[in-house]
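Across the two complexes that follow, chain A remains constant while its partner is chain B and subsequently chain C.
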Partner chain A sequence: MAIITISRGSFSLGKAVAEGVAERLGYDIISRDLLLKASGRFHVPQETLEKAIHDAPGVFERYSYTKLVYLAYLRATLTEMVADGNIVYHGLAGHILLSLLPHVLKVRITAKLESRVARKMQDGFSEQMARARIIEDDAHRKKWTRKIYHADPNDSSLYDMVISIDKLSKEDAVDFICQCASRKAFEWTHDRIRQVKDLSFACGLKASLIASFFDVKITCEYGNLLVYAGEKVAHSAKFKRTINTFQKENSGIHNLEVHTGVPVPANAV
Partner chain B sequence: MDQLTPDMILVMVMISFAIFLFIVEWIRVDVVAILMMVALPLLHLVTPKEAFMGLSSNAVVSIIAVIIIGAGLDKTGMINKLVKPVLAIAGTSSSRIIIAISCTVAVISSFMQNIGAAALFLPAIQRISKIQKIPLSRLLMPVGFSAILGGTVTLVGCSPLILLNDLLVPFDLKPFGLFDVTPIGLALVASGILCFVFLGKFILPQGDVSENKDDEHAHALESSCEQGTQHPCFYELTTSDDFMDYRDIVRVGDIHLRYLVSILALTEPPDIKTMSPAPHIEIRSGVDLVVWGDKKNVERMAAKEGMLLKKTVEHYDKEFDPAHSGIVEAVVSPRSSFVGRPLGKNNFNDRFRVTPLSIHHQDDVYRAKLDDIILRTGDVISFYGTWKRLEALNQEGGLLFSLPQDLEDTRPEKALWAGGWLVLALTMVMGFHVHLSVALMTGALGMIITKVLSIDEAYQSVDWRTIFLLAGLIPLGIATQKTGTAAWIAAFILHIIGDVQPIVLLIVIGILSTLFTLVISNVGATVLLVPLVVNIALVTHTDPRLAALVVGLATSNSFILPTHQVNALYMGPGRYRTIDFIKAGSVISALFLVVMITMIYLFY
Partner chain C sequence: MSILILSSENKELEKEIGKKIAQKLSFATLNEQFFNKIAARHRLEIKKISEAMNITPSILKLMPAKTWHYYLSCVELEVLEQLLEDRCVCWGLAAHLYVMVISHVLKVRLIGGYGSVSQSGQFSMAPDKMEKHIAQQERNREKWSMAAFNRKEADPGLYDMVINLDQIQVDEVVDTLSMTMGYSRFTAMTYSKKKMADQLLGARVKNTLLKSLTDIHVHVQDGTVVVTTSSMKREKSKKIETIKEIAGRIEGIRYLEVRWNKDIITEAATIFR
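Moving on, here comes the complex of A and B:
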């Protein structure tokens, strides 16, 4: 009952591998459904959300924070969707959106540029055009990850497994991933279920607050939500109303406290 | 006007340097004073004997004696006994609460250190605020200001007034008596309180009253713990016989992390009862434990961890008897070494075997991740522990709290002795005109001889920071006087302002002292200004004693900025901003000056 995220460059056969893994293990597969669900929950058009997760922020967007707001919406939706396990996610930024869960199997599928170009050309693109599009797409994703998470998507240390699909076939990749998913490190235990639920609460509250209170950080352990906020924010009526409503709407939250003037821990969202 | 000499210039440099260090606070004010004590003789501005004269001065001896007498009175539980009846009189209206508590605080403050009087009522005022739904910000500032104003009621009420007579000695001026300032002090206290009663609506921040959780907290600490309520309470549980068989090791710290429930007692094999166990202690099968927490959290813990929740505390009934242990609310005092450090770094559990249960910061109550919370002045920490351990924590200093009077190491049977020695000291001063320091030291010695407090307790009660601040700045006053710097500055000021009426001069001195005390310590301001104003007064044919008295009183006129220790203590809990102090403090400061000058003009 693992959670598997598959990160891939375009035309690296990542989608096919994800589908193969989901079919073999009988897991649900999530990709664009995330956008659909987040769009419905937070009333933001799918295209806007997709742009937020795909395109790197522009020079001015750095200051508008809108991309981070949409990202918080996507993260809240994804953590909720994976709460029951048995999931393969092959949409964008899965390894980052779920990075705080230690038992998620994070896979990166890569392929040589030539083979990716060849696959793109099958869609009717000229070689030059296909190459340019793939390079541009890679650059966007690299820039996005760097700007928002200060990480390089090609850094293998972000993943548990990196599979180059050139010499190995799609089936080989599916075999490796399925074997790996059955390891103890990715087992679905009570404690891990609790961790996913905690992250889901933290991300959910963050999504409720972020549009009005951008700097608020949240942790959740054992259903005890801890909100780190500035003095002014912590005592604003709107903030109090939002967190009280969230607590009422989510029965699994046992305690909720707001701390001010305290260093924010690294695992806060 | 005399020519400026190199020594005068050097003294002015040292004064400027001291003021600069007082403002920037790179080093503590008492260390600045010691620096002056050492630097002035090295620069040959005072003789070595003069440099250390402050340590044997009457002011220092008086303040030591006042502190010991205050500690003696405290030891008998007399002061604590005041709290409950005052709260009963206070009732529910905010005006009555302000009047009753402020008057009491002012009276206590006239014989004790202001900060002690202010801290005494802080937890009680916080509870009243919650229960009566009156914003804390409406109550704390009046009480805090009254504590400062109360210091002007007697000559031993605050350090500047204690110091005043010593600063008059070089001028051969008649010293002030203990109650010479009382009419002015009482008028200042009355006007301050009335100002808040009538104008409080306009000058105090309106604030809001926090809800539910805090009330629960207040209730839990106020009343005895009744099981079956939703408030945090003590509960005893037993772990199942197979507790360790089918789960990872569960430690004391894990329980708090998971359920926000604090384990206060735990049985360790073979059958050792451990009070306030450390977070790393493992919980075994079939053992009893006592916890403190919300009922719903305790029940959740019992269900999840397979523990049996007992109806009452049975196995640990002796240990949890209120005669043996309990919960106290400790206020983090200004200048406390705990300020600015996370609670966890202070190792209260390891060092004192007491368990921090919650932190009350402003209107919020924190129970989760207490170790990470950085302590601020005025935060209230609730601790559980045996009274003996809590007493050890109390003696460490930095936290202001009182243990239950009948359980604390108090000596109520000595109350008569303590009161008697205080009365005797006052009679010696008033009736027989014995010197203040001698009379007060007689009272302090009497308390030690009659075992109101031991000599070690007397030594421990003395705040050496205050002593060295006073003693260290006295040579600066001597240097200012001896080198003619004070006379030169006085002449320079007179040259600028020209001839003025005595009343105008006193007003100017009052304003100058107020401004000085806002940026440097009140003792520093007094030491620097008294020689100066006496010189000015002598030239302008104004009574120099009154000029000095204005300085001694106006250096307590510290309301506009939260620089006074009492204001610093109340700023956090009252959630005041500097602008709140500026707003209310400006009115009170102006009123202070008007009342003080009027009283001096009419009665002196």
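Moving on, here comes the complex of A and C:
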């Protein structure tokens, strides 16, 4: 049992690899279902969520935090969806949305531009058009990751494995990933199930609070939620109401504390 | 059979993995120890070869750019010659930067894994200091690889696979790579050997020319050699003639073409003299 995220550039055969891995291991596969579920849970149109996770922020969006609010919704939904393990996620930004879980196998599939262009041309695009679209898409991804997470999507250190589908085939990539998923580092232990559950609580509460209280940070360990907020926020009635409702709605939470004026841990969401 | 080229900033793990794979597959190894042979064949100092492989030339450093390029070309030439004989695991010789698009060569970059190295006591640094040290080391390597081969060492596009050793264990990497090396597509074929021979010819031409000239770039396809160089306009014909004369003596060239570009900077500098 494991959680696998597969990141890819467009037309790099990442989807085919993800499907191959899910089929071989008998895992569930998530991609656009995330948008559908998040859209239903937080009442935001699917297109808006897709834009938030795909397009780089525009000049005005950089200061409005809208994208970060939608990302918190997507993260809360994804952590809930993967909580039972046996999942292959090949949608956008999986390696970033689940970056706080070290035992998630994070894979990137790459391919040479020429082969990606050839694949896009099979959809009826001219070579020039196919090349332009792929380059534009890559630029969007790069800009998005830079602006929101201050990272480069091509930075190999974000992943456990980067596989180039040129000399190596799709089947080889499936073999490598399946082998790797069975390794000890990615095994699904009780402690790791607990970690995913904890992250899911933290992300869930963050998603409930973020629209009104953007700066609030949350950690969760063994079902104990610690909320880090400013003095003013901590005393607001709306804030208290929101966290109380969240605690009542989620049975696995043992304790919920609000901390003010203390340093926020690095693993807070 | 095939060739495996490893690249990593984590020299300890790179060596450990390289050795284990070579042992498992009964392959030869090619690493820094090969400097002895290079030094003997080209009458160079081993210390200086090692220096050239690690330090980027600058005004303040002792090794001039011309010598630096020549030393690197000697390493490139000898490594390519060795790689013609396949069944080899190679690391520590920057071969991933000059062995390009050869189908029976698997190029793998290993990243991370500093946790296991520090646990073994090989690094006696505090974690934050070690992080800074690694970041600095990576910056230096990028500067070096850009100056030497105009390629970024950390660019994942240079490799068939990048493996992060923070979560994946050394033995697991050894198993995976040993298995991959057994795939039939990594068997040396006539066309891939020919491609390797072309790269060797290019390295030989470059090495011979760099003995007396500077600013030399060589491209070879099917024995056709294209040498690109630059100089001031008044030296154009002399430089082209010299290149043709020197390179013309090298065996294996079917056709030699010299392309010349104007060295605008030197040209401009001499106008005001």
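As a convention for this text, the second predicted complex is superposed on the first by the 269 of 269 C-alpha atoms of A that agree within 3 Å, B and C clash if a C-alpha of one lies under 4 Å from a C-alpha of the other, contacts with A are read in each partner's own complex, and residues count from 1 in each chain.
Note that in this section a residue touches a chain if its C-beta (ideal position, glycine included) is under 8 Å from a C-beta of that chain, and two chains touch if they have at least 3 such contacts.
Predicted model, so just to flag it, every value in this text is computed and none were measured.
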> Overlaying on chain A: chain B and chain C, fit or clash?
Replying inline: fit
> If you stack the two complexes on chain A, which partner ends up touching A:Cys180: first (chain B), second (chain C), both, or neither?
Replying inline: second
> Which one hits more chain A residues, chain B or chain C?
Replying inline: C
> Touch check for A:Glu221: first (chain B), second (chain C), both, or neither?
Replying inline: first
> Looking at the overlay, what does A:Asp172 touch: chain B (first), chain C (second), both, or neither?
Replying inline: second
>> Touch test for A:Glu257: chain B only (first), chain C only (second), both, or neither?
In response: first
> Between chain B (first) and chain C (second), which does A:Ala234 come into contact with in this model arrangement: first, second, both, or neither?
Replying inline: first
> With chain A's C-alpha centre as vertex, what's the angle to chain B and chain C, nearest 10 degrees?
Replying inline: 110
>> Looking at A:Pro265 after the superposition, I want to know if it touches chain B, chain C, both of them or none. Which is it: first, second, both, neither?
In response: first
>> Per the contact definition in the header, classify A:Asn86: touching chain B only (first), chain C only (second), both, or neither.
In response: neither
> Rounded to the nearest angstrom, what is the minimum C-alpha distance from chain B to chain C in the superposition?
Replying inline: 20
> What residues on chain A does chain C touch that chain B touches too?
Replying inline: none
> Taking the complex as given, what residues does chain C use to touch chain A?
Replying inline: 103, 106, 109, 111-112, 154-157, 159-164, 166-169, 172, 175-176, 180, 183, 185
> Which residues of chain B touch chain A in their complex?
Replying inline: 257-260, 296-297, 300, 361, 363-364, 366-369, 372-374, 376, 575
>> Applying the document's contact rule, which stretches of chain A touch chain B when the two form their complex?
In response: 221-222, 224, 226, 234-235, 254-255, 257-263, 265
>> Touching residues of chain A toward chain C in the complex: what are they?
In response: 102-103, 105, 108, 110, 112, 154, 156-157, 159-164, 166-169, 172, 176, 179-180, 183-186
